[in-house]
């Protein structure tokens, strides 16, 4: 233990004694109830975790360190401490992963399709927190997500950042509400619409049926908002949300996979001035990375497909896309689209990006601090720093290696998952 | 009224020794031999079980305020001694050694049997329409199925089920008696419990009344086909025996005359050479071997049904089908018929009673849909048939055997006596499917398949269950 | 009903206090004597007598005390078995011959559902044949705001309350129409806006003049309804919330009620656990017929199954009579066998929570309704 | 130096006849030397800075550079910063064919030779991911399927690809489309039951003809000369039909002859179990028909529940590509995950892994995931090399780098289980069949370089506004 005292040893060190046997790979322990914590000035440490390597995603990697957790926050991060305490020792610890595109939603009931632009709806009113997929996502190490509705509307409403565990209520899981606006380019926004044959029978016949139509709706909505900002009568429901995006108070997440859609999104940004544009599922960003650099746009990459062709608009995602963008300074985040299988989970996506050339630190950043920063919640999550939420992943070996797995997940300071086999 | 030739050949058949069907390898494997289940004997005669050598594991004594030995016969403050999975003594004050396990309870009775179930097999087998007479449920039975339905059945006291593959098919195949919640070696109790056939049941579209009625005639002709198949086999065995005897005799004769024939032949050859004529062998003639009848597993099953070795369960609902069915099965003296479903059976109550045909009904619960051929089913049918003296059985008809006690209550609400309902769930079902020698009641010599309940058999819930040779506390 | 079978003496003292003997019974008055009279889930009178006159219950009490006071002109009917109050279904759409959903608009809060109710419809006779004497008339699930419901009887067309509650629906059927809203977020946004505007039926609900029923099904819909009700500060009956057991403490604290779909064969075990949780948390619950395809007899059958699973029999019988009456705000008229209430009575062959029991006779407003033999189909 | 076609054809037919594995060398007398910083032999310890000498497609020497004498005239591959590993072995696959099943129930007379597509994408990916031996069997939608074949992923014709022709049969215990378990079991037992009654009938007829001829000879007074029995007696450990020696094998219908050969233990058999309830019936079926010695179970990942029965039977298994079995409890809705290879390793049942998909997550990834769940790298690699080879009867030919074995060697940029390692070159039977530098599809995927042809097809985009710089 280095001379820097980890915490006031003198203070009543009441923490959950974890009797544990940790040999390679096979982790079994049972958490003993803590005694009633005594009112003490120093933070009452309730969990000690140490690892051969701690990737803090805050600039440094600690070889052999210990993290102390008090309440739901990280109380201290101390290098040099070996595993000689009652806490838990693993191969590596990384911050909990942040997935900006989980796409776990109630399909067509998660997005309002009766009109093309409904920025004023907060999509979290349409979320099902009892869906098993949240729990599975948590087990793969994803602790925070940006809840994304289905992309059937051009401008689909405001999104919130939630934790993937805890009580199944918005109140308990919310990190920050209405953090970003959701938009869609490409074919999805006009999917299912049909031109008016004679009398318009349903609302699908009053909506864009081509990419041109979708672009027109985007441009019209933002020009209306610009007008509304200047002129009182021109105001409409939700104008202030579009205004906040135009003024850069809120990021604008748009789905655009194919090159032509990425180009359309960036030209719109440069035309109406969307300071914080993030292109989601930017599969073909590798074809014209200069556009993203020039316009200062960030990218969220879809899951890597074994042969390159991804699901959305058949965008071809080259496996060195993350490397290309990171080298050019473009902020890049990876996403799992809600997959929790061994071949598809977010940890595997980071591994595939490393196979495409990313270094391990760049890969860790791409699934922790960068997405947190893009969603504007990097003050609470995304890295292992004192005072941040205690969301951590315990790895059996080097993170994202095919030969290591997630052996435990800590959320808000609680051990919510341990792998038994 | 049996055709005379048949009786003669039958006696011969028995004399020939091993029943004919053993001659050709029956693809279905020999019935599962487990120590305590002796194969179903020809006639369900009450014979003493083979005396089990004193096993190492200790005996168990069940002590209860009331022991329901048989429906209608109750012993107060009695005990049941079980050793090696068999009931060895029933009475008061039985002697016990120190390592006997004592189980106390309020009431003891035989385990319930669901005679109309699909528990224990995969659902695809239960609804398969491609089955034939020789398709065996036991082949599809497995301990790995859905665990809750089996556990709940055991907790409700239903220890055994007659499970049927292809229960909607025209010919469904051989049903089996299973212990659904038991492990692999105790799963199959009897792998040929019955043949299941349906008449006028909707298999996606019901066809008009003529199609449905025509199915009854086809059932009749299949049974008579079984009779003639068995007859042909018996005839073949007889003729083969005669032919072999004749040939053996002839061969001995030829052996004896061989030397003479050899000399005659040499002379003939010399003569032919002299006359420079080509020597012609003497023609040899003998009568042909009788042709072996082609083995057909399905006809074999129908033969056993026609001779009453296997009960025939026919699912029929409408009055038209029932009338045609009763007519088509009139002439078969030894046929043991069970009619299941029987929605419109009320007008035939007297006829069913006279011909001693058991009726297997599925009570209708509020909220359950009764459409197609089942529409119009009313639980009062239980009272009507019981009054007419028909043996009524109660079945769940699906994989929820745990509902059997609840359905029994609805049958009682429909007019069936409480005692008759208890019998339908135990001895009645056992008797219909040739299990009465081993199961169905709490009597010495029978297999210990028992329930210890906290109340009357249908009213209370089981606290302990004695099944597959071990006691399980619930 | 074996919960607390009071001895005849105690019950007699309790009920005689009612103004039974005040007015003298008219000529058509009659008395029903039964082995067991279930006042409600909690009290059962052995060998009880119920005096009925003019469609109302005049007096209830042990036959030993009351029979002596009766004039010999009064007809007395002896019944071996049980006598109980008529079953009240929390919701139903019986009698809505032209359908329970109007597709004109998604928001029809001010539409009066009673205008679609035909009291002579044949389905009502089936309900009476199963012992159901009154129910909360409500809309289908096709609109977010289906209309204003009523409370009606199943025979004789009596309306206990012509406009009792606003029927909302936050479940998929209401969002499948080709019109706004087509998403949960849109529906919640629109409903909340209408409550803040406070116009028409929405206003009456905020003012407390109208009850509120929110139809839901999955757990996330219950969660969403609870969040909406917390934001608007309203109390409601959650219709079809079979998973309400997981939210029992929150429901109890907020004072909501739950209308479950009836139990039946093949009910999964979590439903019994859910009902047990509601009983323990003291959340008023009842069973409804609006969302089920099966006949009215499944109400009593479901309660009997729950009783077999060990759930408190008194609470179960209340959930068929007193609780729904209170939830529909008509506990002054129906739901119990007590002096002053309507004479909606049912005679059973035995304890109605036993599976072997059948229905013998039904009285609505004191008049016997032609009872069908055995369980009505 | 091309070999005249006929000679190659001849060599192939020779190997067919001999039935033993004689490999037709693409070029006789060919020598090759492979150097690597680390050689994973899978037969003992790794070799640091090792050398492999290959002649005529076989390894003639292997060891540390100092101990092995390199022939002067052999080209050299690899170098110190490479890792050499034995080629991966796919113990069972029904990919690489246009249709994996006939719709008839019992088709043992068919052969995958007629449906393997040499240029299929699957084989191209096998080269890229270092799978050098593939046992192609028919699919599971059958009762008794046709004859399989062990192939290399290289070669323009099926014959060139073939390592072992007419190898193995697929039998499914799980029901095929339209059948249930009951009718599938019945069809399977009927197939072998009909075989038996057919053979009994032939044997009885042959016996009767002999008796008749003997009696005729007696009647005619001539001595019967005992002819040699036309067929041969039935062998095998299952059931036997007496007197089959009297029946000429040519007389037996060629549709059921393969079934007889199976019962006589002449073929390896692959029994597919789609659920735990299929495992015990599969074991019983194999024992009854004498197939146990040469049976391998191909398992769905839920079959770990019947692992005890498999351990007792002594059979080896090929596992499903999904290594984690997730089960949801119907009542409590709880999900339990079981790592399937762990269960089989714990019970000592020999198992081979199958690749999750033909590319990224092929056999190397499956072995790596096993290491992630606590298995040693050696055991995990064995499941995709040596054990897999033993299961398909090539334990002495492939699976490890030892003198005498076939020279199936991979040259990788790093540890084969490392996410960032690439197969640089793949050598099969002494010849280089894959070189990453020439792999256009790989370049497109990993370096974002659009192949010339594809570029023209894909984005005939208009001229970009001048602002754009990087293209």
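The letters A, B, C and D name the chains in turn, as written, and every chain counts its residues from 1.
One rule holds in what follows: a contact is a pair of C-beta atoms (placed from the backbone, for glycine too) under 8 Å apart; a residue touches a chain by one contact, two chains touch by 3 or more.
No experiment lies behind these values; they were computed from the predicted model shown.
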Figure out the least number of contact steps between chain B and chain D, where 1 means they touch directly.
-> 1
Target chain B, source chain A, minimum contact steps = 2
Larger contact count among A-C and B-C belongs to A-C
What whole-Å value do you get for the distance between chain B and chain C if each is reduced to the mean of its CA atoms?
-> 50
Interchain centroid distance [CA atoms averaged], chain C/chain D, Å = 68
Calculate how many whole Å lie between the centre of chain A and the centre of chain D, each centre taken as the average of the chain's C-alpha atoms.
-> 43
Per-residue multi-chain contacts in chain D, two or more chains = 330-331
So the complete set of touching chain pairs is A-C, A-D, B-C, B-D, C-D
The residues of chain A that touch chain D in their complex are 24-26, 132, 135-136, 259-260, 286-291, 294, 304, 306-308, 318-321, 324, 341-343, 351-352, 354-356, 396-397, 400-405, 419, 421
Per the touch rule above, chain C residues touching chain D in the complex are 268-270
Chain A residues within the chain C interface of the complex = 106, 108-115, 118, 120-131, 149, 157, 168-171, 201-204
Quick one: which bits of chain B touch chain C in the complex? Just the residue numbers, please.
-> 365-369, 378-380, 400, 403, 406, 409-410, 412-414
Touching residues (chain side chain D, partner chain A) in the complex | 322-324, 328, 333, 335, 337-339, 342, 356-361, 364-365, 368-369, 371-374, 377, 417-420, 444-448, 459, 461, 464, 467-471
